[in-house]
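You will see chain A twice below: alongside chain B first, and alongside chain C after that.
Moving on, here comes the complex of A and B:
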């Protein structure tokens, strides 16, 4: 679906994205993770044909992005982080207009509004929508023409936990239908939950690329931390794969002396910090 | 073509929600009625009052030349304001990544309004003109006036970042239209100080009744449009 080879791009004379190569298979959710200004959005702009003055190759659906034609956009849906709606028009008017731009048959507007819980707000002007409602409306706009590739930029940003869950379920449902999804985010929980593979991007370079599970496992096993009382509270830790070697833990369990016990798994943010020396925010 | 047509009708629907833009559309007809009927009446009253044979009538050709530029300028101003709002709301950036694309967007926001402005000018000028023009002159003047309208629209869209700035830039950019006035009032070579303005050559063609002067107007308009279009696209 996407094949990027030796991609370089710069806004100025200084290189911004340099020598990037990766591929994304059909039906995969691929995440770009990185701090603000790392080059995630620029990379997305290259892949959707907004920036064409790049070196190397960026192929989407078999088309080199710098040579895209109008047909290129029949199969690409983009959900920007910000609202891209006509504020003076209603949600339905907006969706009807954007539907009319595509040659192919588009999805029913009422059905899409219902999917994101906006079925009773379709006739309301977008200017009167809350930030979360605009986010949901933006998302279904990207689904209107049932594209093969979805590019989502921070899709859960500004959403409450319920709507965030609903949005993530919809993303997974689209993947189940065989859609390829590019997810740009600095929310490592979303990335770990949704993505089949993630690329860590820092300073315009891919620092690591693998499945969230493999990346987390690469740091080593989770650790178990336990506490007990013996002339004051004490605590100790042990890697989860060496618990049977911990004589002290065995003795405390045998004597029912444990005060508390919990495991702590590394998360993507820990891995990101380990690899890049930076946080995601 | 479907996307361009749809986007153009979208602009019309959007204009209906904005009274200022909606009111700008019939402005050329109101101006035409004023020029055609109020000016000759005023001329008669003033000539009678001051006991002079003619006061305004020597400048009827100038009024016709200005009318030629009013229709396209108003139409293109409206589309420039819609484009500014779309840039503000970031819908323009989104439209670029739909089957409409950049070229389609420019066709819907500049090309189609310019073609309609040209046709409306070709229809209105024979109705409201104060002096006589050949058919060729009407066509050439309407084409030049349309290009002048596109220049004003691009100036507004390229130089302003929101509607408020757009209104201010519109007032400033209207000054480029008044290059047409100079050949009627300044007869020595100092008038050529404004020769980079296409409107100057439209005025020159009108004042000297020589259609050949339209060609520098076309050439200069093309240069202005290319330059401003690059500027506008870089901004978008």
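Moving on, here comes the complex of A and C:
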């Protein structure tokens, strides 16, 4: 679906996105994970044909992005990180308006509103919407024309846990229908849960690219931490795959002396720190 | 039909923002003025009123519309839609021209203008020219103050000569100056073939320029604060 090779782009003279290469297959949820300012949105704007002054190649749906025509957008749905609605029109009017711009048949508006829990707010003006309602509305706007490729910029940011859950389920449902989804986020839980593969992006470069599972495995096994009392509290830890070599632990178990025992699996955040030397925030 | 839909939604949008109400009120006001002036001034007064308001309202209102759209990030939505810049421009230009024409019909009839069809043709062409100028300026700027500043030179080079021309104070060769051709038509005079040709050329240039400006605005992502 997407094939990027040796892509470079900059807003100014200084290089920003430099020499990126990767591909995204059809039916995949692909995540760009990185701290804010890393260039995730910029990369997405190149892929949706909004920034055409790039070097290298970026092919989307068989079309080189800088040569895209207006037809290109019949098959691409974009959810920006900000609202792009007419504030004075109601939610329904906005969706009707944007539906009318497509040649192909669009999805029923009431159904989409219901899916994001806005069925009772469709006749309210967008100006009266809260921030979370606006993000849900903008999300379904991207789904209106049932696009092959969905580009979502921080879709769950600013949503409460319930709505975030609902949106993630909708994203997974789109994948189940065979759609390709490009997702930027600085939320590692979302990335780990949703993405088939993630690219770590820092300072305009891809530092790592793999499935969340493989990335987590690359850090090695989880560790077990245990505590016991012996003239005060002590604690020690040991990799989970070498517990049987830990004589001290064996003795503590044999004597029923353990106070507590925990295992901790590395998460994507730890991996991100390890690989890039930076936190996600 | 995408163009038809854009046009209808533009009209709805303008109605919601009170454009139609405003022009209904202004038109009543202008008709009152026409009834107040002496019979012999009527036609010239009507020409000035039509030219300086309904025909040129596109300059200001296009600025307001685009600044509003920028502040709501809708240019980004257009940038990733199948809409062509030209469709967007034609819809805006024709929807604003509709308001111009409606007001001009009333004013010209109230003044008892003879060549109503020429007055209306002149109004339509003027309205297109001013709206296109409005689009070109509005895509380049990011605040209302900047916009007002930029419209001043346009007003000087458009309104000054046109009004002088109406009173026949300008030299003969200036009758080919595009806004003067427009003014001539708005006052009911039949334009020369050369004049029409020049006006059409100006329109073509403005359409092409505004297409580039709109495309550029759509792909630059910065919003504005009003």
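Points worth noting:
Convention: the second predicted complex is superposed on the first by the 281 of 281 C-alpha atoms of A that agree within 3 Å, B and C clash if a C-alpha of one lies under 4 Å from a C-alpha of the other, contacts with A are read in each partner's own complex, and residues count from 1 in each chain.
Note that in this section contacts are C-beta pairs under 8 Å (C-beta built on N, C-alpha and C of every residue); 3 or more make two chains touch, one makes a residue touch a chain.
None of the values given here were measured: they were computed from a predicted structure.
In the superposed model, A:155 lies in contact with neither chain B nor chain C.
With both structures placed on the common chain, the touch criterion links A:70 to chain B and to chain C.
By the touch criterion defined above, A:52 reaches chain C but does not reach chain B. Within the superposed three-chain model, A:204 lies out of touch with both chain B and chain C [touch as defined at top]. Using the contact criterion defined above for the overlaid structures, shared-chain residue A:39 touches neither chain B nor chain C, since it reaches no partner.
Contacts of A:98 after superposition: both chain B and chain C are touched.
In the superposition on chain A, A:132 contacts neither chain B nor chain C.
In the three-chain superposition model, chain A touches both chain B and chain C at residues 48-50, 70-71, 73-74, 76, 78, 80, 82-89, 93, 97-98, 100-103. Within the complex formed with chain A, the residues of chain C that make contact are 2, 5-6, 9, 12-13, 16-17, 69, 72-74, 76-77, 79-84, 218-219, 221, 223.
Against chain B, in their complex, chain A makes its touches with residues 48-50, 70-71, 73-74, 76, 78, 80, 82-89, 93, 97-98, 100-103.
For chain B in complex with chain A, the residues that touch the partner chain are 2-3, 6-7, 10, 13-14, 17-18, 86, 89-91, 93-101, 104. Chain A contributes residues 45, 48-52, 70-71, 73-74, 76, 78, 80, 82-89, 93, 97-98, 100-103, 141 to its touches with chain C in the complex.
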